[in-house]
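Pasting the structures here.
Heads up, the next two complexes both have subunit A, just with different partners, subunit B and then subunit C.
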Partner chain A sequence: MDIELMISSFPKLLSATIITLKLLSVSLIFGLFIGLIFAILRLNKNIFINKFAYGYSYLFRGTPLLVQIFIIYFGLGQIEYLRSTFLWVVLKEPYWCAIIAFALNTGAYTSEILRSAFQTIKPGIIEAGKSLGISNKIIFYKIQIPIAIRQSLPAYGNEIILMMKGTSLASTVTLMDLTGVAKYIISTTFKPIEVFIVAGGIYLFMTFIIHNLIKLLERKYSFSE
Partner chain B sequence: MNILKKTIFSVLASLLIIGNVYASDKIKIGTEGAYPPWNSKDASGKLIGFEVELAWTLCRYMGKQCTIVEQDWDGMIPALIMRKFDAIMAGMSITAERQKAISFSQGYADEVASLAVMKGSSLEGLDTPAGINLTKPDGAAKKALKTLTAALAGKTVCVQTATIHQNFLDSGDVGKVNVRTYKTQDEVNLDLASGRCDAALAAAVAFSDYAEKSGKPVVLTGPTFSGGAFGNGVGVGIRKDDTELLKSFNSAINQARKNGDISRIATKWFGFDASM
Partner chain C sequence: MELLSFGKTGWGDELFIATLMTVAVAITAMLIGFFFALLFTPLKLSKNKFLNFIANSYTTIIRGVPELLVIYLFFFGGTGAVMFVASIFGYNEYIEINAFITGAFAIGIISGAYSTEVFRGAIQSIDKGQFEASKVLGLNKFGQFFRIILPQTLRLAIPNLSNVWQITLKDTSLISVTGLVEIMRQSYIAAGSTRDPLLFYSFAAVLYLMLTFLSMKLINRLETKYSRGY
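Our next item is the complex of A and B:
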């Protein structure tokens, strides 16, 4: 065990954690937005809209995240026509390719989480609102959404943690995130165990923080008291 | 009682001897299988290339039973140290940095590195000598480095991770370039062709091989590099405590060189004699 290497690599890994957190937060914001839209589409009565939303979540939940990143980064990069369009400005950058892949992936899972949360709302609650003469719009925003958020918090917390670990795949498309820098240090020191233990520790600490934040939110939005 | 003891002892002793013979007669050689023409895979997934063929030849000279196994490039040296295999033959240049972790046999082949760009790039046709040696750079080499520093300023240069090519760009000899690292040379080639990289740095043969097989207009530019950060030829990587194996590899390489095997195999795969 090379303790000295563990100590000297810690600050380098910590500064790489900023990239990891950036990737995580930006893709979660986009993903939540995508997830909400597709959850609402899933609840639509129109069979085409419904099937389209189902197809999206089926596709992105049914394929590995690594494959999705590779298709978006290396796959789309091979299409010559695409390189002459404005889309290439975004797709040229590994950072945005990773964000697109992560956002679409977490969006698919989030849409399922939110859909099931909406569906577990007891019809009685909505009917109670209607009988008080509250409009459908207000029922949706003021009653259904807050309840759905509370219902989905535990599952969504899991999704955040899964996504946080998923960002480690960004290193496969040249990004220097926590895993990327860990691999870089290993490539010059040839000591994988020490460096990956430190990197793993940082991931574990991030999980600890996210887990507790979600717990706090759960308590805040709990129904009782 | 005495007979029983003797029997047990002799059985154990013979097991020990058999075990030893068994261990020293069989070796595993690790290669990447993704760096043509040094080592790669054919359509059916079989390992082929200069080093695969050379490995079989060296094993014949050593009288050992060899297995060639695949290992990702970025884990090559750690895997050797952790005894996943006993020797590396993966186009690995002998550098001072790597020699801190493992030992190397004498070199069996030498490669020059070169920058590559897509045809029509502004980096094409740089005014530099055909080749520079960085071990003791002369005036022309220093001037060439200056030309490169100016040309590459702010450009994205792509390399495979943990290579001499990455070390060279990180060393600052050509100023501050935006270095992007990839897991395999295939991925470097893909992104060079897609235009994400302004230039790429690797063994010159790796680019010519790619240009030939893919038909993409990849051209070499600037000088070829050798010496300095680029090391002193490619050798067999062996664990530091494995001195016996190192000796047998060295004498096998001597024999193979004397009999013309190395240059024959090199000419077959590279198209020119890259042996040393």
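Our next item is the complex of A and C:
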């Protein structure tokens, strides 16, 4: 056990954690937005809109995240047309490619979580609102959304943790995130166990924080007790 | 399209073999995972605090650390660990471990953590009366477990195990970093030599979709088989 290496690599890994957290937070914000839109589309009665939203979530949940990143980073750059548009400014950066892939991926999972949350709301609750003369808009914002948030919190917490682990794939498109730096240190020192302990410890710590934050939110939003 | 054809000019046959490799790695990993689940589920359910702690650390660490990091640990550390064990038995030559074994083992340990949780949940949700009734009927421990508890556990566990299988199948794409020629690696090679990454990575996505679709169909069948009588 090389304790010295563990101590010396800790600051390097910690500064790489900032990139991991940046990737995670930006893609979660975009992903939540995408997820909400597609969850509402899924509940639409129009069969085409419905099927389109289902196809999106099926496509992104049925393929590995690595394939999605590679298609966006290596594949899209191949289309000549895209290179001439303003999109190219975004697509030539591995950072943004990774974020697009992560956001679309987590958006697909989030849309499923939110859809099932909306569907588990008992119709009686909505009917009760209607019979009290509350408008549909207010029923949606004041009744359905708060209940859906509470319902989806545990599953969404898991999704955040899965996404945090997913950001490690950014290292495959040259980004030096926590896993990227860990791999670099391993391949230069050939001490995989020591580096794994430090980097894994940082990841575990983040998992722990996220887990507890979600629990706190769950308590805040619970109204049964 | 020509690039995807079989034979010398196309990559169709290479990709087909790579798909078989992906399936082989995924199945091996899933089985290794079952082995780990078989080992750790009893520890999780045990009343002994220390055994509990061991099983909980296993599932917490594996489920909290990125798969890629675990794969790097095995890829860079696997050879060293095996050589260390071999040196205890007096064998000091260099040992090269094959990428298939390293990859299947790394993914297997990950899949095992998820399977452990699934089995724990399934066994815990079985009615206590079933354990008591099987005891009252005079079955021995072995019979109790294999004839009464396990069939019921399987019925409850199959939907969740199918999720574990999907995760394992998709995780195999990460083994491509170790150089094992499965779908992702083969697409990477093909994309590099034809300069057509969009085609090959999209085709890889289609292959994965096909695999997940087919396995869903198979698992649904299993599910109906095990829910007979419910």
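Going forward, the second predicted complex is superposed on the first by the 224 of 225 C-alpha atoms of A that agree within 3 Å, B and C clash if a C-alpha of one lies under 4 Å from a C-alpha of the other, contacts with A are read in each partner's own complex, and residues count from 1 in each chain.
The definition used in the following text is that contacts are C-beta pairs under 8 Å (C-beta built on N, C-alpha and C of every residue); 3 or more make two chains touch, one makes a residue touch a chain.
The structure displayed is predicted, hence computed values, not measured ones.
**Q** Give one of first, second, both or neither to describe whether A:Asn136 is in contact with subunit B, with subunit C, with both, or with none.
**A** A:Asn136: touches no partner chain.
**Q** Compare subunit B and subunit C by how many residues of subunit A each one touches, and report the one with more.
**A** Counted on subunit A, the partner with more touching residues turns out to be C.
**Q** Between subunit B (first) and subunit C (second), which, if any, makes contact with A:Ser222: first, second, both or neither?
**A** neither
**Q** Would you sort A:Gln119 into first (subunit B), second (subunit C), both or neither based on which partner it touches?
**A** A:Gln119: touches no partner chain.
**Q** Quick one: is A:Thr207 in contact with subunit B, with subunit C, with both, or with neither? Answer first, second, both or neither.
**A** second
**Q** Just to be sure I read the superposition right, which of the two partners does A:Lys183 touch: subunit B = first, subunit C = second, or both, or neither?
**A** both
**Q** Look at A:Ile71 in the shared chain and tell me whether it touches subunit B only, subunit C only, both, or neither; answer first, second, both or neither.
**A** The second partner, subunit C, only.
**Q** Quick one: classify A:Arg83 as touching subunit B (first), subunit C (second), both or neither.
**A** In the superposition, A:Arg83 contacts subunit B only.
**Q** Is A:Pro192 touching anything from subunit B or subunit C once the two structures are fitted on A? First, second, both or neither.
**A** A:Pro192: touches subunit B and subunit C.
**Q** Touch test for A:Thr174: subunit B only (first), subunit C only (second), both, or neither?
**A** Once the two structures are laid over each other on A, A:Thr174 reaches subunit B alone.
**Q** Both subunit B and subunit C touch subunit A; at which residues?
**A** Comparing the two interfaces on subunit A, one with subunit B and one with subunit C, the shared residues are 74, 78, 172, 183, 186-187, 190, 192.
**Q** In the complex formed with subunit B, which residues of subunit A make contact?
**A** 74, 77-78, 83, 92, 94, 172, 174, 183-184, 186-188, 190-192
**Q** Hey, which residues of subunit B end up touching subunit A in the complex?
**A** My answer: residues 74-75, 77-78, 81, 97-98, 101-102, 158, 161-162, 166, 180-183, 187, 190-191, 194-196.
**Q** Which stretch or stretches of subunit A touch subunit C in the complex?
**A** 58-59, 62-68, 70-71, 74-76, 78-79, 161, 164-169, 171-172, 179, 182-183, 186-187, 190, 192-193, 196, 199-200, 203-204, 207-208
**Q** Which part of subunit C faces subunit A closely enough to touch in the complex?
**A** Checking each residue of subunit C against subunit A gives 60-61, 63-69, 72-73, 76-77, 80, 166, 170-174, 176-177, 184, 187-188, 191, 195-198, 201-202, 204-205, 208-209, 212-213.
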